[in-house]
Structures are given as C-alpha cells and as structure tokens.
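Chain nomenclature is as follows: A, B, C, D and E, assigned in order of appearance, with residue numbering initiated at 1 for each chain independently.
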Amino acid sequence: MPQNTLTPDYHFLEQVETTGPFQASACYQCRKCTNGCPVTFAMDIYPDAVIRLVILGQRQAVLGCETIWVCAACETCSTRCPNNVKIAELMDCLKEMAVQAGVPSPQPQILALHASFLKNVKRWGRVFETIFLPEYFLRSGELLRKWQTGTWRAEMRLSWQMTRKKRFPMFPKTIKGKNEVRKILARRKQK
Amino acid sequence: MMDKPKHLSQKQIDYCMECGLCTGSCPISRELSKFSPRQMIKQVVLDPDGGLEKSREIWACLSCAACSERCPAEIDFPEFISTHRQEARKAGNFPQESHHGILQAVAGLQTRDLKQQRTQWAREAGVFGDTGEYFYFVGCLPFFDVTFRYMDLSPLESARSVLTLLNKMGIEPVISNHERCCGHDALWCGDHATFHKLAEWNLEVIKSSCAKTVLFSCPEGYVTFKKYYPKYFGKLPFEVLHLTEFLAHELSAAGLSFQPSSTAPITYHDPCRLGRLAGIYEAPRQLLKSLPNTDLVEMERNRQNALCCGTSAWMECSSYSKAIQMERMQEAVQTGAQTLITACPKCQIHLACAQGGADSDLKVIDLYTYLRQRLSDSGANGG
Amino acid sequence: MTQTHSTPQSEKTGSITIIGSGIAGIQTALDIANSGFHVDLIDEKANVGGVMAQLDKTFPTNDCSSCMLGPKLAKLANHPNIDILAYTDVLGLEGEPGRFQLTVKKKARAVDPKRCVACNICAEKCPQRVSDPFNLNLNQRKAIYIPYPQAVPLVYTIDKEHCTYFTKGKCRVCEKVCKNKAVIFDQEDEIITLDTGALILAGGFEPFDARLKAEYGYGQWPNVITSLEYERMLSAAGPYQGHIQRLSDGQIPRRIAWVQCVGSRDSQIGNDYCSAVCCMSATKQAMITKEHDGEIDTSIFFIDMRAHGKGFDRFYERSKSENGVRYVRSLISRVIPNPEDDTLSISYVAPGHDPQEETVDLVVLSVGLCANTSSVKLAERLGVSLNEYGFCESDPLDIVATAKPGIYVCGAAQSPKDIPDAVQQGSSAAAQATALLADVRGSNVTAPTIHEERNIRGEEPSIGVFVCHCGINIAGVVDVEAVAGYAGNLPDVKYATDCMFACATDQLQEIKQAIKDHALNRVVVASCTPRTHEPLFRNTLREAGLNPYLFELANIREQDAWVHQAEPQIATHKAKELVRMSVSRARLLEPLFETSYTVVPEALVIGGGLAGLSAAHAFAEQGYKATLVERTAELGGNARTLYYTEDGAQPARYLQDLIQKVENQPLITVCRETQVVSITGSCGDFTATLSQKGQSQTISHGVVVVATGGQEHMPVEYLYGQHPGIITQKEFEKLLVSAPDKARQLKRIAMIQCVGSREPENLYCSRVCCTAAVKNSLKLKTIQPDAQISVLYRDIRTFGFRESHYSEARRQGVRFYRYALEQKPHVTHQDGELGVSVFDAHLQATVQLQADLVVLSAAIRPRPESRELAEAVRLPLDEDGFFMEAHPKLRPLDFAAPGYYLCGLAQGPKFASESIAQAGGAVSRAVTVLSQKEIVAEGMVSRVDAELCRACGECEKACCFEAINVKQGAAGRKQAIVTEALCTGCGVCNVACPTGAASLAHFKDEQINRMIENHSQLNSED
Amino acid sequence: MKVSYYPGCSLEGTARDYAESILGICASLDIQLEEIPDWNCCGATAAHSIDHRASIELAGRTLNLATKLPNSDMLVPCPMCFNRLKTAAWALNQDFANRYAINLQGALPRIWDLANFFATEEMLQSTAKHIKKPLEGLKVVCYYGCMANRPPEITEATDFENPQALDRIMESLGATAIPWPYKTDCCGASQVLSRPDIVSRLVGKLYDMAQRVGAQAIVVSCQMCQANLDMHQEKIGADWKRNFSLPVYYFSELIGLAHNVTGVERWLRRHITDPFTLLKQLNLWNNP
Amino acid sequence: MNPTEQPKILAFVCNWCAYAGADLAGVSRIQYPGNVRLIRVMCTGRVNHGFLLKAFLRGADGLLVSG
C-alpha cells in the first residue's frame, strides 16, 4: 500500500481503457472484488486498491505489484462486481503492459510459465506438455529451487507416476496451420 | 315542625334563632351566595329528609368555626356539618377530593398493617428514640413533603425544625415509624370508619412508647387528639400538648438564644384548628415576641376573628378557596409585614399555593422553621 | 376557479380511484375523502395495508409500525366516503380526465363480507395449512384466512389455490362451522364499472428476489434471510412472537450480519438505483436487535451510508454510540455455510486492515425495492409510461404527475422511498387529483344521517348488558349465560342477556329494540375489543336515539376468553368482574356533545419561495383564497438560482412561470415585505396580524402553511472567501449557466462535500449536495470534457434514481475520494495556486490535488426568520432549527397544532421537486379542514369546572397542545379555558389540576375510580 | 447425433483419462464426435495473461475452422478452452472487433461446455435410459471450477453461482449430490506450476469442505481441476496435516461406470488418488 | 392478601399501544394468569397518583401503568 503522498494522473486510465472496456472508472469502492478474491493472501495490493490506483493513475505501483501476477484469473471479481468492472481482464491488461514496458515481474516464474507455454504453442500449434513442463522448470529456475528445497523428490515421483500411467505422450502433434499460429504469436514483443 | 333526626342534638339545631350571624360570619358564604349555614339548619329543622345529605354544599363548609364562635345560641355548626357528612357519605354523596384524593387514599391505606418510612427524615435531622417521656406526633408531613414537591415546598422542614429545637432543649422525643394519620381529615370527610381505625392504631402506638406527653406541631392533630379522641375513646392516658404551649412554657428555661431579626415586621396567622377550635391564641404570639428585636404586627382580623386559610380536609378546593386565600394574603400585606408566619402546615401550603398567582413579596413561613432559623449558633446546646 | 376545463362541470365525477392500498394509498384516500370527494380504494390483495403492515418498527423514531398504521386503518374502515375494494383487479380504463370509467373485477372471496363477523372459527377449523405470505412463509396459516388480526376489511377469504374444496372438491368444513352462513363456495367474480374523476397509482413496490444474488445463498442456507423476513421475526405479532432466532434451529443468534445493497446499486442485475431505505432500515433493525438482546453482535456491511432523511444521521450516530452497532464499509462477496452448526462465514477487508473472516449465526440481506410486477402490468394497460426499472415515470419537478392527464402516482410506485416521503406524495397526489375535480367537490359524498337524541338528564341509570358468545370464541371458554345472569343483578342493570354475535346486523337490531322496550339509557356490551367494535355499537346507540357516549364495552374475548383458554372457571370469573367494572363505569357515563366552529375557507401561506408559491397556487386551484406573505421584496427564494436538475428539469424557469401564475391568480393576495407578527385562534378560525413596512393589518384564515425556507450555509472553512477560486456549489451552478466560457477554462476542479453538514454541531445531512456535485460535474463535462473533476466526499448519498447519475459521473471520469470526518481535506493557497490534499480513506494514502477551482458543497441551513416565526406563533423547531412536524413518519406535513402545516426547506433539506410535492401535500392536508363548513370538535375533550378552578395554571403548563389556558373567564375572574378544537383528550390537564376542576369527559376521575373500586370482588363489601 | 468436437491440448496429453471416458460414453450414447480439423491451442491462461490479442486470435482461428463443419453444436470438454473460445466469439462480435487481425467467417455452432451438454433434459433422459448399475450410496460433491461459468456474460451461464449441471447428472445416475458452497471456487489451477503454495491452500479448502458436508468423492468436469485435486492430494494433505482420501472422478467416468461401458477401469487407473477403494466399499466395483 | 390466591394486578393502559398489545396477546392466544384487570385510558398521561393509591386501597396488590 503506498504510504507517500500521491498525485493523481487522470490520463493513465484512458490509456488502460484502450484495450478495454474494463469500466474501471465505474468502481464505487465497495470492495466486493477483494472480499471474494480467493488469493488475497498472496497479494501485496488488494484488487480494489489496484482499481483505485489505476483510476488515480499510479502506473508504477500497479505495473510492479505482485497482485497482477498472482491473480488466478478465476473471474469471481468480474462476475460479482456490481459495476461490471472487468477486474480480472484489467489484471491481464496490466500484466501485458508491465511486460511490454519491461517492468520486472516480482513473480518471474509466473511470467516464465506463460512464456514457455506460448513458445510451445508457437512450435507445434498445440501444447506438448511432455516438453513444455520440463522446459518451464528449467527456464524458470524452479527446478533449481526444487533441488535446493528438496521438494524435487516428490516432483520426480509424481512425474514418474504420470509417465507410468501413460499421461505423458511420446510425440507432439503438429498442426498444418502452425504458421498461422506462429504469425499470431509473433507480434508479442519479446523481452 | 317535624321530629328532628335522632342523631342531632338540641344544641345543634333547636336553639337556632335564625339571626343569620353565622352566614354573615362565614367566609364561604361571602363568595358562594347559595351557601348559607342559617338556611342549612333551617332546612333540616323544617324537613329532616329534605336532601341536605345529597347536596353539594354539605362539603363546602370549611368547619372553620367562624360561625359558631359568634353564634348567640352557641350552636356548633361544624359539629352539625360533621354529623351530616357522615349521612351524606352513606347516601353516596362524596366530596370533590383535591389532588385526586391522594391524601384521603394515603389515610385509608394507613388503616392497614403496612410498612412505612415515616422517620427517615428524622434520622438526618436529629436525635430521637423509640420510647421516652415525650412523643412527638409528626402527622402527615412526610406525605405532604412528597405531594407538594411540585410547588417547591418542603413541609417536612417544619418537623425537622421541631426536632432541632427539642434536641437543643435536651429532649430526645419519641418519633414513631408506626404512627398513623390522626384521622382529622377522615372525620371531617364523614368517614368515621377510617377515623376510628386510625385512632386505634395511634393510641396503641403511643401506649407502647411509654410517653407521658404527646407534643403536636400540627393543630389538626392536636385538636383531634385533644377534643375528638376523648369523645370517642374516653380519657387518654397521656397529656396532649401543642408545641406552642410547650415551647412558650419551656423555651426560656432551656436557655436557647435567638438572633435579633432584621427590622422588617412579621405577622401571624391563626389556624382555625389551633385558634377557634382549640382556643390557643396567645402561646404562639408569646413565642414570637420572646425573640429579640421582633416586630409582630397583627392583621386586621386576628385571634377569634381570624380568616380561615380557605380549604379543609383536602376537599372542595375551588375558586372560592382561592378568593379567601387572596383576601387573607392581602390583609397580611397591608400590615406592612414581609413575613407571614403560620403554625399549621395546611395553612402554609394553601397560602403558598395562592401566592403562586399573586405578585407580593410576602414570605409565608412555618413558625417552627422560623424559630429554628433564628436560633443563634452560639446558643446553648441542650443535648 | 380560473382553470378552464375541457368538460362541462356537470359531467365531472366527484370521485377518485386509488389503486394500491399501502401507506401512500391510505394517506391519499383519507385526504381525498376528508376534502369532499368519494374514494374507491382498490387493492388486488384481500386486505389493505401494504408492506407497512408487515414492518415491526419504523426509523428514525422506532415507533411500532402497526401501532401507527392501526388508527389509519380504523379511520379508513369507518369512513363514510371510502369504498374499500380489496381483492379487486383493474381491467380497463375508458373516458377522459374528470370522467373516467374504470372496469374492475371484484374477485370472489367465497365469503360474504356482509355476513362475516371475523370470528375466526372457520380458520380454526380449517384443516388445510398453507405457508403464510404475510409472514413471508416463515409460518403457516389456514386456507381461509385474514392476513393479520387488524386487517381491513375484516373479512375472511378462501385461498382457492390451497383450499381442499376448491382443489379436490372435498371438505366444506368452514361452511359447516360458520354460524353466520358467510361462506359461499359458489360466489362469483363480479365485474363492475366505477365512475371516477381521477386515478391515483399507489401500487408500491416489491422486495428484490434475493435468490437472484445467489452468492449470498438465500434460499440455499437456512440462516440467510431477507430484511423483510427479519422484520417479521422482530415483530411481536410475527411468526416467532418477536423472538430473534435462527431458522435452522430456533436458537438465539449471537452474531448477526446485515449485507446492504442486495439488489440495489447493482448494474449487474440491472438495478442501477439506490433503494433509499435499506441503510436506515438495517440500522433500525440492528438497534432493535440490540434492544431485544444487548448480547447480540450486530454488524452492518455497507458501501455508502445513506442517512439522507430528516433525523437519519442522528439515528445512525446513535446506533453506533448508544447501541454499539458495528458498521463495516465493505460489501460482502459471498456467504459460506458451516455444515456442522449452520453458522455462516463471511470474509471482508475493512479499510486499512487485512482480510478478516468472521462467523455469524444469521445473515440478513437488505433487499432492495423493485417495481411491483402487477403495477407494471397495470401501468402498461393504462398507458402510463414506466422508467427502465419499471417504476412509473413522472414529471421531474411535478413528481406525482404522470404523462397521462388525470392519472397521478405516489409512493414507492414512483420511486423507492421511505414512509414520510410516500405519505407526503400521497397527500400531494390527493391535492392534484382533487384540484382537477374542485368544482364538483361535495357532489358525491354521503352526508351523515342525523338521529334525534333522547334527553336523559335527570334519569336514573338504566343499563342494558349484552354478553356475546362470539360463536365459540367466548362461549367456548366463558360461561356466557352465567355472566349475563350475574350482570342482571348488578346495580341499575335493568336488562341483561346473552347473544350469539353482538355485532351481527340482526343482533344490533335487537339491542335497539331492547333500548326502547326497557327504556335503557346506558348500554354495556361484553364482547371483543373496543378498538375495533366501539364505533359500531356507538352507532347503534345513535340509531336508537341515545347519545353514543352512553356505551361501554367489556373486552371478554381478546383479554379474557382467548388468554385463559384452559381455565374456563377463571375466565368466567374474570368476565363477571370485567362486566361489573364496565357496569359501574356505565352508571356514571354522561352524554357528550360535539361542539362545532365555522371554518374560514381561506389560507395563510408564510414564505414566498418555491414551496410557498406552490402551496398558494395549489390552494387557488382547489378554489380557496390564499394570502401569501413574503418577507422580502421579491418572490422566489432559493429556486431562483436552481437552474437545472440532474434529470434535465429547470426549476428556475418553472419558478418564473409559477410566480406569474400566482400573481395573475385573483384568489391569491401576495404581501411582499411583510412579516407575520402573531397568529391567534384555532384550527379553522385563525386571525393573523401582519406587518407590512410598519403597517399592521389582520386577516382571518382557516389554515396556516409555513414555508419559510432555508438558505445555503456560508462556509467558514477551506479558505472560503479568501480566494476567488473557492466558491460554493450554488455559486458554481450559477457560473456554469451564466459563464460557460469561463467554465470551459476550468481544467481541474475539486469539490468538497459535507461543508457544514454531518458534523457534531450540525448533525444532519443536507440531502441534496451529493446530487448537486454529481449534476454540476456532469454539466461541466458537457462544457469541458477534459475537465479533471475530483469530488471529496464522506458518503455519496445519491438515493433513488439519482444513483444512475452518480454512476454516469464515474463513467465519465469524475474521480471520487472518500475522506473521514476526522481527516478532513486541506485547501492550500500558494502563489495563486490552489491545492487540496485529502487522505483517501479507501487507499489510506494522502492524495495531493491541484485545482483551478475549489467548490464547497455547503449545507442547507434553516432561515433565521424561522426561529422568529416559531417564537411568535409558538411552533416547535427541531435541534437543527428546522420546523418540527407532528410526527416524522406519518404526519410529515402537519404541525402538532391543528390547522398548521409545513413544507419546503423550512422542514428540512430537500430537492426542489420534493418541495413542490410537499407544498401540494400540505395543501391537501389543509383542504381537509377548509373543505368543511364547520369543524366538529371531539366530544371527549377536557372540561373545566369554573367554580373549582383556582387559575393556578398547572394545566396550562402540562398541556402539550396549548389547548388549555388561564384567561379571564365568564364569571369575571381568571380560570382555565379549553380550546376544544385543540384538545386531543389525553387528560394530562386533568392529572395536573390540583382541585379537580379540569376533567376529561368520558374519562372523569369518578368514572375511572368506579372501575378501580370494582376491579376485584374484595371491595364490594366496602 | 453428430456434434463438432474440440478436445483441446491436454486431452491429448495428461488428461487422457478424461478424453477416453468421453469417447467411451459418447459411443454408448450414440453421439458422434467430429473433431475440428487442424484445431490449434486456445492460448489458455498464458495468452490472455500476457498477449490479449493472441488470446482472441488463437481461439478465433479455431472458431473459423469450426464454422466449416455442418454441425450446430460443438462440444468443448476443457472449460479453459470453452472459456477462451466463448471469449473470442464474444470479442469478435463487439464493435471493437477490428482490433484483431481475424474475422469470424461464418455462423458459429453453439459452443457447449461438456457438463452442460450432458445436463440438458434430453441428454439426462437418454443417459438415464442406459443405466445398468445405479450409483446408489455414492455421496459426492460436484465441483465446477471457474471457467465453465465465469464470467457469465461470456459463458452465458445463468446459475453461475450455484450451477446444477453435474448435480443433475449425478442424481440421474442414482448418486447423491450434496449441496455445498464451493462449487465454483477457484482451485488455482493456473498457478499449480508457478505457485504450488497458493494451490495447496485453495484445494485444501475444497477437500476440507467436501469432507465436512459428508462427501465421499468429488466429481468434476474439468481436467485442470481434476489434475489439481487428484495429483497433489497427498502433498496437500501433508500441508493441512490431514488425510483426505477423496477420489476425484470425471462425471464422464461415472456415467461410464453406471452404463457399464468398457474401459472404465483403464480410465480410472490413470488417476493418482485411489479411485477404486471407495467404489469397492459401495459395491459399485466388482472387477478385481 | 390471601396467600393461596394470586396477587391482584390492576393495569392502566393506553388505548393506542398497551391496550392494543393486550388485544394482540389475545389474538395470538398467548396465555397468561387470570389475575390482571385492565383499565383503558386514552393516554397514560391521564393516570394520576390518586388512581394508583386508590387501587391499592381497593385491594390491588400490584399495579402496571403501560403506554
């Protein structure tokens, strides 16, 4: 929560809304979004405050916060908002803005997960979990972390079970239109 | 002429000469022309069943005895009225009770075995006992104190003063929580049943206190004990004294000293019960005069001729009552006195009530309170 | 009359139909019926009363709702000029304003209303239990029913959907047990056509269906209930006798949470309006809960506290400080049940705190007010347009007028509103409808029949006693014959008998006969409660030529048979005693005569602002002369600078038209630069002394309307007056209208709300400022779309449909910052630059704003002249200096003193449209007086015995109504004199009087004493 | 009956059990599934999180392929895919559709979330007809998750706070569906790889409530939910210091079980949390 | 007072509230002991001390003024 005096910027919201409509300005601060959010415990700024900070144009604060990354996209907030503020969608928009602006994510592994996934889709047109999962663990440093914390054993055991139960296919399915897919995904500005 | 009713004595009607002195003396008749003692007697003489019992006027009499005081035939008109009121009540004719009959009801309740809080005031005001030579009969002051609080009056102040004076004189009187209303009002309201019950209680209470002398500050209690208790119960086993008599006799010996008063003159109002009904006129005057530097002036009508305070027995208070009270107050003002002293709590209440509507600076004060207020602090402490 | 009517006078109908019989409809009906018109009051339901009958208490006085409604219902039921058409549907409307024909269907109740005496035996015996909609299905009633005991009309109805005879062709028990043969199974619907001059829609509202907000689990988890259900729960007459309990297990809840805005302020479900009453209603419920049981924790979860009505903020503050109600500014997202104990978990984040989880025993959903489905259908059929939410659309300034001439609307059918607003509007609609028909006033009313009265003076009491069986209601418990026999031996009783139904028409005839046959001069009926049946029996006496006050009821049903059902001996003994008490009192009853005064059919209106002008104009429209007194040289008051409203109306322009109409109206005398010096006399016959530029004159008038107005508070804070860029909201409005070019230059505006409102020294909400800020923001946005507008507020109180303007302002980018009273904003001024810093209570951070203009929403204050008038005329003011109405809930337009009415800002802050409606309403109330040739004072008034009166003045001190004063009397001396027109018969003077001179007729000391003496057998020997 | 079918990537991989059970029951109910030719990944969380345009266009491409099939209904077993396809269908019909480099090229079939498809009155009746072994005694809670319901203007769900589709299916199979408050609470699937701590908390809460209301198993219609609830149950149990032992069945598997479709054992064997013991206890599983 | 009897209660009640409340008790069939007698007044402001004292004098054991 920002402690210092803040000076509102009345233009940031307009910028945000260009990919909307999120109707953030309609917010009357009832906090229903926050009160229904299942992951507030992992957030640094509660959803209602994110909206408020967007309204007040506090760009730095919202693009750099954990909240937008730990949001589970469960859409409970958007669904129950009495003002139809598209809160979950706004979170996505802020993530995308943060990535594009090069604001480092305080949850880099989450960004890495998304990036790995899209890379995988780009390669085959569909996700091939057999490759995507280990690739993510490597790229994100999660594997290293799991090694360091010792949780890798359980993870390995689960992977082995999955493999044994034939839930990891051997070969990817490539689609014919993968170039179309690549084109769609190519536009994303790479960090 | 028809036979007179059995319950009426010769003295009550037969000697009437129809001279009209009674009606001419009557303060009520002057305000309420249809009220005439003379005609009431005549009516009974002519037609004993003529409906006097059912008339409203039966209740209008103040029983102030201004009439009988002057009656050449010595007819006791108050007694006449009292007798007829008993009949009226039997006939279903009731008086207009003032203050919603609270005080009659209080008296009625005292005929029962009940818990009272009669002595609480006394515990704060002085020293008293359960047994002893002197019994101070307080009367209804504790009830008046509650009832007339709305008038900013505290009739109990009188009792407190009495106790202070007695204590200073070295007397620790009996004040009993079991005391009852003396029955005066019940008697004058024609309610003899209640009167009898109350009197029986009181006689029992006094007997158990071993008192030899019963002192009264209230003239009604005094006259009821002095005159009416013996009438119905025979000779009483104790002496009945009014405090004015007692104080007039004992005060100087007690060595109390009083402050000189301010120079303003005072005047004294004779209560009917103390004056005309009991014959005590001089004792209170003597007391007042014994105070240093006191200018006691008399109203035009004083002693036997004193004007009544306007109501009696908490009934039939009316515009006539008020007119009488205003007249009396006016008389007091005309003396140039600034203080009117009464020796009766009811006179005090009635005159104070009337004064609520008047524009005079006259102060109505009770005799005992006046005495206490003038006590020197340095005065001898009898205790 | 200056109005020209399209129809010839003779063709108009002096009758008005009201559709909907909630409190708004009832008030409208009474006003109209009391001003010389016939009323048909229609309701689709079987009985009248609406939602108010279901409420337990009402805010902000916490008065018992049914206690307040009861007397109104009684008046309604006994009114000679009101036909109650309950259980009736409207089919169609033809004709034109002034002479409509309304076709209605009187649905068959299967009970003959003329025969039903509401003895309840049918319901007792009916085997079919049905969940009871009056109690929101929390309990059951029978298939033949009345919804609640005080129902009007007091007639049973068969619920054909559930009755086993109607559904399965079997049973007929009710028919069998009905001793009066009132059940008629083949009764048919009746279609009738009513001639009516005007129509008033008062269909009320429907509570929001909480199932639509499924996240709260209503209908799914037993301990989630709606506010209306909770209201029934609190009610002593409700399904749980007022015991607060969990529905799952009947246990007393320890913690209760209210969730606000369920179905209100919610675009998600299309209700983008505020229901206007729920904040106060929840506050009230929490307070009452605390009063029931102080151990219960009460928490209200809300968004903005909408305490915008008179006395509401004090009520809200009191609930916090005195009752310990907790308020949490956080809207609960969902309710989670705990399966082990049916408790409910809720989680929330309060400003500046971490997420909290709480477990409560009961969740009360404050459901919003929605358009009544059947009203919507009706409006469509009548061609009345509806707004997007289904409420009747009405003129933005003239809120009781629909677009269709001759059809008016009032109450919650127009918009969600609380009871006083509904009552005011009901009166206002009455004023407009009756103005339309003013020239046929009195053409369609029933004149009361006059019966010659026997003089009983000098007669000994001769009493007749009638002891009622009430079917088996009384006779099932009490030995009625024994009671009648006992009564026959009581003193002065000349005739005593028992009867099956004392109130049945044939029995009433027998009572009349007995009065004649036995030369009775007093009548005692031992049956049910006088509250419902005394008028009926009194009327019987009247018809038999006896003064109606010679009647006495002994209540041996409600207060005996029904409460001692298992103890017939005790009940019989008690019945005897009750009869003895009544007989003893009856012996002393005296005939009472009502006195009457001639009414001066003119009005005095004090104050020439919008309210006063509207009132004067409305009087003229009703055909009455009015004197309009204005202190200043110019008419118009505050409305002169009210250029536009949020919904596009233009009060200032409306005002100019109104002034013109008033000035051209021959029935109105306008006195400018005039003050009222004094008013003497009483209702119907006043004399006012006016002073015009030092010249004094007196006028006679029958009624007074006080409309002295209010004024904008001059701020003393936020550097007001120290910088040209700091102005008030009114000044800003003027700027927007008069200098739009200048306004266009304004890029950064900061508005500060509650300047001078809602502070300890002025603890009231000025009601209009939030809407004004929103309205002016939107206006500026149209002039300058790039303007950055910041509104600093404490609670946004755009109640009702005004909420949609608040939403619009947010959507248009107006920024709203909430501040707390403890952390008010600071306005700074440096080098010509204005700055505002505010601690944003939501973010818990300080926000620094720059401003080209700072706009202060200054409070509405009463005019100082109100105080002067109050002192001169002796009218009461409230703590804030506004005039105090007779009762904030049901008599918002009346003063306690009869003949005085109030409207406009003098009564409290309000919108222009509300002032106009109130003025109309005040006139409607006043016309109930003016339309009578004479005023009949109630016979049950205080009388003074001149002989006993010693003019002490205790009575005068005690009287709340200034009905008794010490004056020079006829006997030439001072005495207390009663102004009978003002006397309400409360008897306080009687108590205050030391001598017994003042006594209340019919409740004299001796009459009551006699009952006391006879209250128990013990005393008969005395 | 022939319908278009969009299986989605995970049904080709980790959710083979779900995929096979769908094929199994559709065959038994005579529903022909026509797979959309050359469909691509919907973009899932990753795309909508950091590449909004791609998220619409990826799904848009598949939608355009779907328009080419003649079927009026399209079944989407994966709620994530369902949600993304519905979102794209919505967005590409808005007035800002020109933001995207793709246009809808024909009339779309009705996009069905699988559970809702099987809960129509018609399907319930048809399902009931094929019951060989009613699931009597089985007490379950139905867990719907987020994506098939929210946001309702996209999913067009009406009972999104208290969905009934799975409950109805379960009741029609003879099982008892216990009402509970967490039907649509998030299990955190999108964070399972990146923030397993969050998932442990969210899923643990679901197990806890399921047991408190007396359920023996959880029924799902989402392979992400299934994986999330099934795969980590032991670990989450350790976090919560509880032994949950709640089998997590696909509704399709239970239909298959009640219909006695061959292959049920094969599907169930792919679960991590033991699905058999409970069924054996209830005499619903006789196979060795 | 006879100890075997129940105390006699006399109540002075306001027509508009407490009397209505007593009616409601009847309508709701709430059973209570039969030792209460009600005296209806239009307002409890009508009740003076005299009534109360007289009620005691006339054998009441308890009084209730409700309004």
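By our rule, contacts are C-beta pairs under 8 Å (C-beta built on N, C-alpha and C of every residue); 3 or more make two chains touch, one makes a residue touch a chain.
A quick note: this is a predicted structure, and the numbers were derived from the prediction, not measured.
Note on connectivity: the fewest chain-to-chain touch steps from chain D to chain E number 2.
Interface comparison, B-C versus C-D: the higher count of C-beta contacts falls to B-C.
Central chain by Cα centroid: C, whose mean Cα position is closest to the mean of all protein Cα atoms.
Comparing the CA-atom centres of all chains against that of chain E, the greatest distance is found for A. Mean C-alpha position of chain A lies 101 Å from that of chain B. Averaged C-alpha coordinates put the centre of chain B at 37 Å from the centre of chain E. Between chain A and chain C the centroid-to-centroid distance comes to 56 Å (mean Cα coordinates, whole Å). Chain C and chain E have CA centres that are 30 Å apart.
Multi-chain contact residues of chain D (touching two or more other chains) are listed as 160.
Chain E has residues 48, 50-51, 54 in contact with two or more other chains. Of all residues in chain C, those that touch two or more other chains are 215, 334, 991, 1005, 1009. Counting only pairs that meet the touch rule, the chains in contact are A-C, A-D, B-C, B-E, C-D, C-E. Those residues of chain E that touch chain C in the complex are listed here as 8, 10, 15-17, 19-32, 34, 37-43, 45-48, 50-51, 54-55, 58-60. Partner chain E is touched in their complex by these residues of chain B: 97, 99-102, 105-106, 108-109. Across the complex, chain C meets chain B through its residues 946-954, 971, 973-975, 991, 994-997, 1005, 1009.
Residues 48-51, 53-54, 56-57 of chain E touch chain B in their complex. By the touch criterion given at the top, residues 19, 38-39, 41-42, 70, 72-76, 78-79, 86, 88, 92-93, 95-96, 99, 107, 109-115, 117-118, 121, 125-130, 133, 136-137, 140, 142, 154, 158, 161-162, 165-169, 173, 175-178, 180-181, 184-185, 187-188 of chain A touch chain D in their complex.
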